[in-house]
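Okay, so chain A shows up in both of these, paired with chain B first and chain C after.
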Partner chain A sequence: MFSALKKEKRIIPAVDDISFYLKEKETLGLVGESGCGKTTVGKLILRLIAPTDGKIVFNGVDLLNLRKSELRKVRSQMQMIFQDLDAALNPRMKVRDILKEAISVYEELDYYGMNKRISELLNQVNLKKSKLSNYPDELSGGEKRRVGIARVIAVKPKFIIADEPTSALDVSIQAQVINLLRDLQEELGLSYLFISHDLRLVELISNKVAVMYMGRIVEMGLSGRIAHKPMHPYTNVLWSSLTEGGEKTISVSRLSWQAFDFERPVTGCRFHPRCEVFKARGNPKECADPQNEPKLTETGTSHYVACHFPIL
Partner chain B sequence: MRTRYIQRGAEVSEFSQIPIWRRANKKDLIQIGFGLFVVFFVLSSYITAVLHLLPYDPLKINLKEMMQSPDYRHILGTDFMGRDILSRIIVGSQAYFMPGLLSIIIALFFGIMAGLVSGYNGGMTDSIISYILDLIDSIPKMVIILLAIAFFRPGIYFIMLIVGITNIPTVASLIKSKVIFLKKRNFIEAGKALGLKTRDIIFKHILWYNCKAIVIIQATLGMAEVILIETSLSYLGFGVQEPEPSWGNMVAAGKDYFFMGDFFLSTAPAAAILISILGFYLLGDGLNNLLEWRRKR
Partner chain C sequence: MEKKKVVINEVLKVEDLRTYFYSYAKEAFIRSVDSVSFSIRKGEVLGIVGESGCGKSITAQSVLGLITDGPGIISGNIFLTHNGKTINLLEGLPDYVSVKTKRKAILEIAKDVTGWLKRSEILMKGIRGKVISMIFQNPKSALNPFITVGEQIAESILLHSSISAKKEAIDAAAKWLERVQIDSPSMRLYDYPFGLSGGMCQRVMIAMALSSEPALLIADEPTTGLDVTIQTKIIELLKQLKEELNLTILLITHDMSVIMQLADRIAVMYGGRIVEYGLKREIMDSSSFIRHPYTIALLNSQPTVEEIKMKERLRAIKGDVPDTITLYRGCRFYERCDLKNDRVKKKCKEAEPEMIEIGVGHYMRCYLAEG
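Right, the complex of A and B next:
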């Protein structure tokens, strides 16, 4: 009778055992299907979510050891572009107030200095000055995204986490936003962590790409190599799903991709229930062995794969 | 979804660039106007009293002019002691206004604080605050007030203090639910990521930009309620005491003459009560519509 009152707790780590580094003025793309923990990684880095364990080092400082006031200072150098277009924009604030607020977080400017800075920001993101007195819901998707970017670069960050900045935008505007991000990178010397589920986009903008599956990085390497010579079966499936009609090393059987229960505990390699290589090799024991979860190992030139049987 | 609005025959700007009084609904403006009329009536009563502009002294008994019907000298007539009813109504509005403001300020200040803290922090803080507020809320208002009167024989300010305290839970729960709703919205998290202080997020983003309407409505509703409580207490003889005029004790004093055909003694102050309560309600409603125009679109 009381069993209904007892809460059964089963912890599913959203993100588990992830490790990567990012150099200055570099872009790291983070790819994976929805729900695999990409955004969580971004929020963890900014400490919007408290990690249970681990290290986040920025400019040689471990962010987990910082006090609140110190964290605020570091946050001025790290910013996040949120996936939701309206996320950063308080619906009751005019664009001018939104930008003003972002600028005045770390800078104190007089009236003229503020106006100058605002028009400078508008120039940087190619936004018309007349939009300043609009409310966010009077802007188009592209304009909202630009305001979001302007708000982020207003605090002069060095590192930006771009969480699917192009989702919910149509293709022509996606290209504009990507170009804008690239220009800003050159102009301001920014580093990006570019989170997306679109492998093509990530390949376009990133130097390095990390592919995530169920909270783990399964493959990481230079973007050209990941795109053209994927080694992990999962990356292969991701990539071949995009290039219709192209050569497919692995054919995707529909059945295993429908209604997959991510909460079901998996032993061994997380991908093996859906893995075609696993099936093709006749269900080898290593893949399902709970003691033997594949680790990221270097295979080839700075190309890391977590798989027992990488496609070579 | 961007609409361009035509202004004076020429395409000028988008909706948000038109000044607020021009884009407002006519109905709202009429409501606000009526509400402001009531507020100004009360404010002007202080000015007329200070500058001796009242037609007659509201306390001066003139037995020669008892129970007069309205005429050019006494616009609303005189009461059973020959005091001018118009003057008494004007001064009588002072009976509730200042005490009412006190009660509203107490209810809003503590209600907002409690609502923000319990809504934003949640957890244990929320439980404790909610418990205290529920305790206050569970005792009927009139019972507390009458008990306080029975024990302390207090002045009107003390009574309104109690009214203010009993109004705290209403304000707090409204603010709290709004805060909980807003906390899930992304712009709060985005503000945190930007490096805004928690203080700024709570007071600027939550309170100033998103709770203005609740505060205004609660202030005007509170005022209307205060008028009702003050007049009913005065009517029962617990509030403002004769000979000081209050609309409540004026109605009470006039009720005996009502069926004898001397109509204006109670009707005039009763009408004043009606009009001012209506005025405050409409003021709140109109202001709310004006400030929340974005939601209605």
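Right, the complex of A and C next:
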């Protein structure tokens, strides 16, 4: 039935040659525009999508070599908070049942044990007990998000992938959720991969930040450095889009904001058609050379950048 | 109904607007918009700000006559001035609804829905989409996925302007696409919405809304759901268009930073009421020391540069937005308010503060502002 749709078979490298590591109790922020492959990275780590090639090592175990039953065990250690609040919670289940289901995946508890565990979870995410008998659509956005987080920590994970956990929320509720995530990190010793396009929040919550562009990491380093002393022109453009108090004018030309397209691959550096440095240097050959795509190289203490002409 | 005189340069004047819904399950009114008054002058941007569930969108939908749901009850006055004529967009509508009460308990609500809708359609004819147009929150779902964007804009032009030939309308659509800064507009005309990015779809929506040259543009969360980078671009575009076309905009958002960049006048809404209202420069002026606690809380929940650098704890507003079903005796913000002190605490709990003028055209609903 779907053969007709498969007329043209093209390979779109959504995530292309990415390497990073994450230590215990650390937060890595992953930023980039929509469509650059942030979410795909998160899903790849959980093996929700099978990667074409590569290695994902978690606690010394390569996840790609695991069989399904083994993978299931490892997955209790790593969880994902999904972006879409409404799609992530079953609309026909009450909050109590949602939490119960999550707990009973890895733990067998009797009635009292279960109730105890549920109220413990509610405490951890500051949710009122009266909400247990509500359906998801009776909850506000912030409450739904907190139920989602409660369900994730119900299996006692060590590592959480938070995919845009605040994007659908009001600014005031965003702050609540960010505070909650930070509290839980301290309390439970969690590591986060924090995926977001909100640069302020990423800077705030992360120890390290990786900037993605068209499926590649173009710069990676400590969050303060990335935010205030970026070396890659793209990182510079990203952070310059933040306005302070609304009065700062933006000096980035219109060209820099054209959307990118995976299906029309760029030769050489992927960013060069939008790059200010490229233009300022009079279109140097290296940038457009298909044989010479810049590699992520270490330029300072644990700071990596993929650019021929990094801003110094 | 008595017709009041409206100052000429006010495009829209809303007086005592109430939009109530009736919940049969809870046997009570949901007071989504509860006695809201504001006005917008020509060429001005009024920003309504507040968290979700505080009645911002319902206010906008009431203005456009989009509240058609079963027991939706609207009362008050909405005066629209266009081409020197002033009309009341709610004239005669309350006549179709009658509520029987006995000792505060609601016995029966009778609403002549067909008559109400008919009346609403008569009032809105030639206004919705033409004199008042709207940009919606989710641009991708607001566009028809089966029709090219050029055709969609042209449809709006054919309906609302003197152009009657389709070819001319398509040309006009291309011009509008150029106006909203879409590259190669004559090519983009033939694109379907799914081929465009979120930011581009929003630009198309803006082009469509402006193509009828409206007297008032309602922008409901125009930047929510877009990337931060695209958000700045859309805000800049709206700013530019406002200057070029002398647009009058009713801007609805939960994001204080958007308000700071675009609005001339601000109305802060909470629990269906406006709690603070005034010019931006009055409210945001750093020398003015009186602001509504809710406005302060909203401003504080946005982290500052220093806070981010020091990785400080964010100052969130505790708790959630109250439901608008329960009738509160005191201030609606009481539970979440951090600034209530011993002097006013008792009053805050007992009676809702009235709207008082504390500066030139600066109104507030808080006991702290009183002497």
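Here, the second predicted complex is superposed on the first by the 290 of 312 C-alpha atoms of A that agree within 3 Å, B and C clash if a C-alpha of one lies under 4 Å from a C-alpha of the other, contacts with A are read in each partner's own complex, and residues count from 1 in each chain.
Convention: a contact is a pair of C-beta atoms (placed from the backbone, for glycine too) under 8 Å apart; a residue touches a chain by one contact, two chains touch by 3 or more.
Source: prediction; values computed, not measured.
Of the two partners chain B and chain C, more residues of chain A are touched by C. In the superposition on chain A, contact is made by A:Ile173 with chain C only, not with chain B. Touch criterion not met for A:Ile18: it reaches neither chain B nor chain C.
Residue contacts after overlaying the shared chain place A:Ile56 against neither chain B nor chain C. Using the contact criterion defined above for the overlaid structures, shared-chain residue A:Phe82 touches chain B, although it does not reach chain C.
By the touch criterion stated above, A:Ser140 is placed in contact with chain B and with chain C alike. Contact with chain B, but none with chain C, is seen for A:Arg92 once the two complexes are overlaid on the shared chain. When the shared chain is aligned, no partner comes close enough to touch A:Leu188: not chain B, not chain C. Overlaid on A, the two complexes show chain B and chain C touching the same residues of chain A, namely 140.
Residues 51-53, 181, 183, 197-200, 225, 227-230, 232-233, 236, 254-257, 260-261, 297-298, 301-303, 305, 307-309, 311, 313-318, 320-321 of chain C touch chain A in their complex. Within the complex, the chain B residues that touch chain A are 1-2, 14-17, 186-187, 189-197, 204-205, 209-210, 294.
The part of chain A that touches chain C in the complex is made up of residues 33-35, 140-143, 167-168, 170-176, 178-179, 182, 197-201, 203-204, 224, 227-228, 237-238, 241-246, 250, 254, 257-259. Residues of chain A touching chain B in their complex: 46, 48, 72, 75-76, 79-80, 82, 84, 86-94, 101-102, 105-106, 133-135, 137-140, 151-152, 155.
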